[in-house]
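The structure appears right after this line, and notes come after that.
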Amino acid sequence: MTLPTEFHDIAKRVNNWGRWGEADEIGTLNLITEEVVREAARTVTSGRRLPLALPLRQDGVQTGLIPGRVNPLHTMVAVNAELFGPGTVATSDDAVTMGLQAATHWDGLAHVSYGGRLYNGRPASSVTAHDRAVFHGVEKAGPVLSRGVLLDVARARGVDRLDAGQAVTPQDLDAAEELAGVRVRAGDIVLVRTGQVQRYLTGDKEAYAYPSPGLSIRTPEWFHAHDVAAVANDTLTFEVFPPEIENLWLPVHALHLVEMGMPQGQNWNLEELSQACAEERRYAFLLAAPPEPFVGGVGAPVAPVAVL
Amino acid sequence: MTLPTEFHDIAKRVNNWGRWGEADEIGTLNLITEEVVREAARTVTSGRRLPLALPLRQDGVQTGLIPGRVNPLHTMVAVNAELFGPGTVATSDDAVTMGLQAATHWDGLAHVSYGGRLYNGRPASSVTAHDRAVFHGVEKAGPVLSRGVLLDVARARGVDRLDAGQAVTPQDLDAAEELAGVRVRAGDIVLVRTGQVQRYLTGDKEAYAYPSPGLSIRTPEWFHAHDVAAVANDTLTFEVFPPEIENLWLPVHALHLVEMGMPQGQNWNLEELSQACAEERRYAFLLAAPPEPFVGGVGAPVAPVAVL
Amino acid sequence: MTLPTEFHDIAKRVNNWGRWGEADEIGTLNLITEEVVREAARTVTSGRRLPLALPLRQDGVQTGLIPGRVNPLHTMVAVNAELFGPGTVATSDDAVTMGLQAATHWDGLAHVSYGGRLYNGRPASSVTAHDRAVFHGVEKAGPVLSRGVLLDVARARGVDRLDAGQAVTPQDLDAAEELAGVRVRAGDIVLVRTGQVQRYLTGDKEAYAYPSPGLSIRTPEWFHAHDVAAVANDTLTFEVFPPEIENLWLPVHALHLVEMGMPQGQNWNLEELSQACAEERRYAFLLAAPPEPFVGGVGAPVAPVAVL
Amino acid sequence: MTLPTEFHDIAKRVNNWGRWGEADEIGTLNLITEEVVREAARTVTSGRRLPLALPLRQDGVQTGLIPGRVNPLHTMVAVNAELFGPGTVATSDDAVTMGLQAATHWDGLAHVSYGGRLYNGRPASSVTAHDRAVFHGVEKAGPVLSRGVLLDVARARGVDRLDAGQAVTPQDLDAAEELAGVRVRAGDIVLVRTGQVQRYLTGDKEAYAYPSPGLSIRTPEWFHAHDVAAVANDTLTFEVFPPEIENLWLPVHALHLVEMGMPQGQNWNLEELSQACAEERRYAFLLAAPPEPFVGGVGAPVAPVAVL
């Protein structure tokens, strides 16, 4: 099958291939300049820190729908082991097996391909089981930290959370920006809140996973126009699911990761942040969200922190 | 066997049990107040970001000496899989198995016990294979972020790196503080550089692991006196190894984790930071180092970022 | 809470502690003598081989009810990798993470304890996260191979499968022995068919897991009287679940593993074997069922083969 | 690069593509007929059982040379957990992460490809990270059990073990057959003893791994002429390593797996078997060696048992 013309038209408009050179492997993260970071630090006024990661546990968000994306199996390899003899200081040690995109994570740029291509025209075949992502590995993203802006779409709409399968549109983003009272600008990391994570937090994993509200195929142009560095939200699928156009699966993934070279974050818990931003009547903050630097990773866990 | 009197004397002097209440599970991280965080944000002047984590790869720092602390086994569960049919957008996915303390990590407070006790008097038996750390799990540490101060002991001594088995003393910390031109204060996260990680970076894992320079049993009192929130360094063992007092194994671990309730970081790469601090002639910065929030974890990977 | 008198009465009657010496770690497997093995080989007449293991796949029998007993996560670490240069012979390699009792398996003798004791009076505390099972590790079971006897309880009852929650009684075993036309004798491995595995094979994992038919608390005495070497069946829980006596959980596990020192097998697929035995009108055969020899394992995967 | 003419000449002579039909996925295992199995059972005279698997432990045979082929990380997920309340029957549970070819194993037919082809002409591209081996998955091998014949090459040569890097030749196989006093025939599983595993058993893993004695490129024709069903030996590399012909890597793997469709076993411990065969002056026996049935596996652990 082929992707529809509509998709290709958008793809052309948001394409960033070559924008930061042929050898570039980090895409829109280039937009986080030192000036942007300095400004981000200046947003800190209260010193309040908010964690945005879901706790890592075996009873995590994965339901088995995505094969191989397993919830953490967290086991002990030692419990109070007196390795140096009875009565000595004892140590406990643990280990984990998990899908790198099982919980709160960044999609790396090599997570998705189409037409045999990754971001910046690299061949999809450069991703292999043996070498993983030779280009655009998530370790190359470096220490992701910038100004974060919460676009609280649910609040702007006046609802607790968007309905299942509802698309977040550019108009939603405009309205949320209006609510936030801040202009999204180059290098920002935008957090889009749908409220969907409440489903998981209240114990209904299946409803959290699918169907899901999420970003519309119309939003990549918005992010492109604003020169956003990265986008994360509070859903499993990131984009609206099932998709808006029949049989056009994962178009937002393809536009963001392949065309724009823009990392995406999923399963971020934005509930507490939403509350804090509303209380403090401010929606911009310092956001530290460095991915675990797995060499050749196509995704990586992250424990993001917003500092207000 | 019993621990020597000398150890118990120090233990009494640095003990923080009850200091933040009987129910406390985060120890010295309580010292990171909102004021501290605000001040930390103000240290940002250049906006330069420095990653402090070692890349996560199968050929990591572990040599097999510590059973169960395995280097990451990072595998692909899908490579350009066209899950929705031929010609559709394709996805790659990966998974990992690793020791939570295999690479750049925080020791959680439940990592070590002695005399049947964890920090704040909790029973060591509360750590189990089934429930892991019921008290002091690493997920409770929250979004660790504060002012970081580099105490560049190697530079202060005028050497590339300390010798194998050499102890970092309180005098070393004083000298490094002097070099840094900054006073360590309550809530700071102190990074102690020995230069030892160069051994790993230049390909000699065995030499990196053991014998190792590291913190002396005399330093916990220094950190206690300065009300430091956490300490990390660039070694596998954290404390000097083999130990200074015969048959007294892991005394610094016991003093920091059990007595003080102070998290420790290991395998941090401080080389680039050392260079940057020397260039900018400043040793205090914003440090974001949120542990991956493994529920009940006795340790956790972290991808720390220093912002100058 | 304490276990009921009824349980303790049975426990006394089936106890094998000391029967094969104080140092014994294999229990009833001692009953598989060389004479028994010779006789087992003589049962082979058609040369027909029947596999009794469920295929190992991520979509396995585990539903998440038993924490940590994860279905296999089977991943590729290399796919047609030309490690020695382009055009050379290429290799593919794979790896797995799984619970050792996730699929078709043997329970080792250290899988269960009560009153602080394992089989033969060993302290339960000898099982640790660091050393695993110091006594009765599954690797000590050695090459389990003997005469197998199928007790086809479902067929003897004239049903496709037993009802959910129905107990297999000593009378059922007698009737199935009668149907089989063979006397169970010392050293035999008895396979008890309930038909429950059909639930999994037809796609209903939840129904397979629970509630489940299985062995009654009355059957350990039957196995003890017949000096059976090991027992396996085609359920997840092995014994009837929920249990026959309120709040008396896992009594059959305790009697078999702790009191008798008799290994148990679960999740064995006996459907094809049932068909073959009925066709050939014989229910005794050579059974090879060597557990994977995990050192200190409390359980182990097995790929059993019946040879008719 | 291209493979040498010499290789292709042998390849033509041993090729089995189409021999058992175009759809065949088990190759030479087709040679294990019911008659062969009946005869195998008749070889049992003493009833003595010998395990041929190395114990599965973290300190296993892998040294890190083969990336991703990790030794077992065997961890506890529960230790004497009283899941149903204090004083109830307690359970311990364990889990593992390991390379499927890390220890005693069978190579599946999809383990190796060259020229873009697997056994029977299937495309190498049918092996993927997502689906693993669609053709020739190790689960299709079924319950491998046949007559085993030990060809004790070391004993036939009068040495404890072959030298590092020494090739086992067809003449060696003839001499060992002579010593054995048995004719290798269609459907047999041949175990070739070099004695190399002694290196691992006496603690020198590095010497065990490489350089290694092993099968010469001349031996596939011998196995082909004798219609052997499968071959296993007591080395890590199976074939002599480094290879006999410069830059011709893994030719025996390619001939056995791709051309003949014959499974190979590695890291089998034949020491005790060698002793027993010499004592009993007989080298044929019943061999049960069913691979763990990983769906789509390119290899699988096995716990083989020889019954004399």
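For reference, chains read A, B, C and D in written order, and residue numbers begin at 1 within each chain.
In this text, a residue touches a chain if its C-beta (ideal position, glycine included) is under 8 Å from a C-beta of that chain, and two chains touch if they have at least 3 such contacts.
What you see is a predicted model, and the numbers here were worked out from it, not measured in a lab.
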item	value
Touch-network distance, chain A to chain C, counted in steps	1
Of A-B and A-D, whichever chain pair has more C-beta contact pairs	A-B
Rounded Å distance between chain A and chain B, as computed from the means of their C-alpha atoms	26
Rounded Å distance, chain A centre to chain D centre (Cα mean)	45
Residues of chain D engaged with two or more neighbouring chains	67-68, 70, 73, 75-79, 83, 92, 95, 97, 128-130
Chain contact graph, described as a line, ring, star, complete graph or other shape	complete
Residues of chain C touching chain B in the complex	67-68, 73, 75-77, 79, 95, 97, 129-130
Chain C-facing residues of chain D, complex	1-3, 33-38, 41-42, 44-51, 53-57, 66-70, 72, 74-80, 83-101, 110-114, 124-125, 127-129, 132-133, 139, 142-143, 145, 247, 249-251, 253-254, 286, 288, 290-299, 301-305, 307
